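Quick one: the structure is below, questions incoming.
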Amino acid sequence: MPTPNPELTIAVQLLEAPFEPLELLAAWQRSLSADSRDSLGAARMAAESHFIGRVRPTTASGAPLEVLELEHYPGMSEAQLRALAEACAARHGAGAVLVAHRVGRIAPGEAIVLVAVQADRRGPALRCVQELLEDLKHHAPFWKREWSGGSGTWVAGNTPL
Amino acid sequence: MPTPNPELTIAVQLLEAPFEPLELLAAWQRSLSADSRDSLGAARMAAESHFIGRVRPTTASGAPLEVLELEHYPGMSEAQLRALAEACAARHGAGAVLVAHRVGRIAPGEAIVLVAVQADRRGPALRCVQELLEDLKHHAPFWKREWSGGSGTWVAGNTPL
Amino acid sequence: MHCPPVVAPSPDLTAAVRVRLFAALRERAGWGERLVPLEASPTSAADLWRRLALDDGPATGGRIPPSIRIAINQAFAAPGTPLRPGDEVAFLPPITGG
Amino acid sequence: MHCPPVVAPSPDLTAAVRVRLFAALRERAGWGERLVPLEASPTSAADLWRRLALDDGPATGGRIPPSIRIAINQAFAAPGTPLRPGDEVAFLPPITGG
């Protein structure tokens, strides 16, 4: 087990309504700056990386997508996102992680996932975003159902990297 | 030579004054949405990744940094950033790239570089951000001088990944 | 679909576990959550899979397919882990988040 | 620092190249930009490096150190590339952007 880092800040949000990723990022940056002013003065971490995933306009079979339904396991999904974020941050020595994930019915083009990492160097920030994204795609209890032509199909697996 | 992609949008900005990365990203997203409404309806690319680099509060030798001076080769720096962005986007099949880079005198904590990529899949978006960041650190004509205790020192090499 | 009551009234609910199904598994079974008495001891998720006939067909011989993951009290667990009264055990079809 | 005029008035400026130095190289040389007549033909960036005595000391024997990159008309080029009248040739110390 990696040693827990008392300076590590993990934020996890499950969202039932559409969200604007850049607004969420701005609020996250403000919360971290407020924290850091307390302990470290105005210092901000030198590297920050983000990933935003949006719903595609077509289903896996190429038909027009009406809506994407996202089922999850309430309680476990939040806990698992937090555990994955903490483990990834610890592996890479990142200082702050934000994970936001939509649940429920999501329209094409809407954001479904946002991952953001602050670290002291670009390598850890970039790698932590990439790994955490893979981790949550495979180890957080979410299930996608694509609705097209009035019928729903559970998605069989993740899109290729 | 990769075939040029007529749908590829490259935006390069050299900035002499402090900038707010999230505001630049918002303006970039708006410009891409406006473009895509013309040709592809409301479709937005499914994957977007960003990197923000900020000035560290200390010099390479650990002294408090007063200001970072960034010299560049006007004309070549813009052209080179654009060429690197185009090549990286073509290698990975990305659809849109934004590179913003500060020049002149930059205070600790201020953003110095912003790279953003939209692509159809997470892999190309993540890899293109990472590669373009390395490319511009080694192949775009920028030089850092750290000012500390009233004297300036040219930085000998890039920080480790 | 209207489901019958899933568990008979029991004087000792603490000797039961809560079973949860999600997504395609939930739809195939026609239910998402049940209280199930612990009949034998020890009982595992693998035992419940057989008892509740959660298979898609007879092909897997009552064994949990490798694509199905188990969570006990909202943490991943091995299918053979003995269940304790009051546990929540969930059968998770392949995850497709992110 | 006040620099002397860098090139004598010439009836044919098109037979010159513009030489540019940056960052530590510019500071060491004490100038950043000069018009330099093309004396011999062909002349390369490597020739100009010797003629303008841009070395840090005698150790490199007048050769461009491998850490210095050349740009001709704002594109990277090999040190031996023949220069044409009107070219802009730049000597670039190790890049530290991003």
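Brief remarks on what is shown
Chains here go by letter, A, B, C and D, matching the order in which they are written, and residues are numbered from 1 within each.
Following the convention adopted for this analysis, contacts are C-beta pairs under 8 Å (C-beta built on N, C-alpha and C of every residue); 3 or more make two chains touch, one makes a residue touch a chain.
Model, not experiment: these values are computed from the prediction.
Seen from the Cα centre of chain B, the chain whose own Cα centre is farthest off is C.
Averaging Cα coordinates per chain places chain B and chain C 50 Å apart. Mean C-alpha positions place chain B and chain D at a centre distance of 29 Å.
Annotation for chain C: no residues touch 2 or more other chains. Contact of a single residue of chain A with at least two other chains is seen at positions 53, 133.
The touch graph of these protein chains is an open line.
Pairwise, the chains that make contact are A-B, A-C, B-D. Every residue of chain A that touches chain C in the complex is listed here, in rising order: 53, 70-73, 75-76, 79-80, 101, 112-113, 133, 136-145, 154-158. Interface residues of chain B facing chain A in the complex, by the touch rule stated above, are 22, 25-26, 29, 42-57, 108-109, 121-123, 125-126, 129-130, 133, 159-161.
Those residues of chain C that touch chain A in the shared complex are 20, 22-24, 27, 71, 74-76, 90, 92-98.
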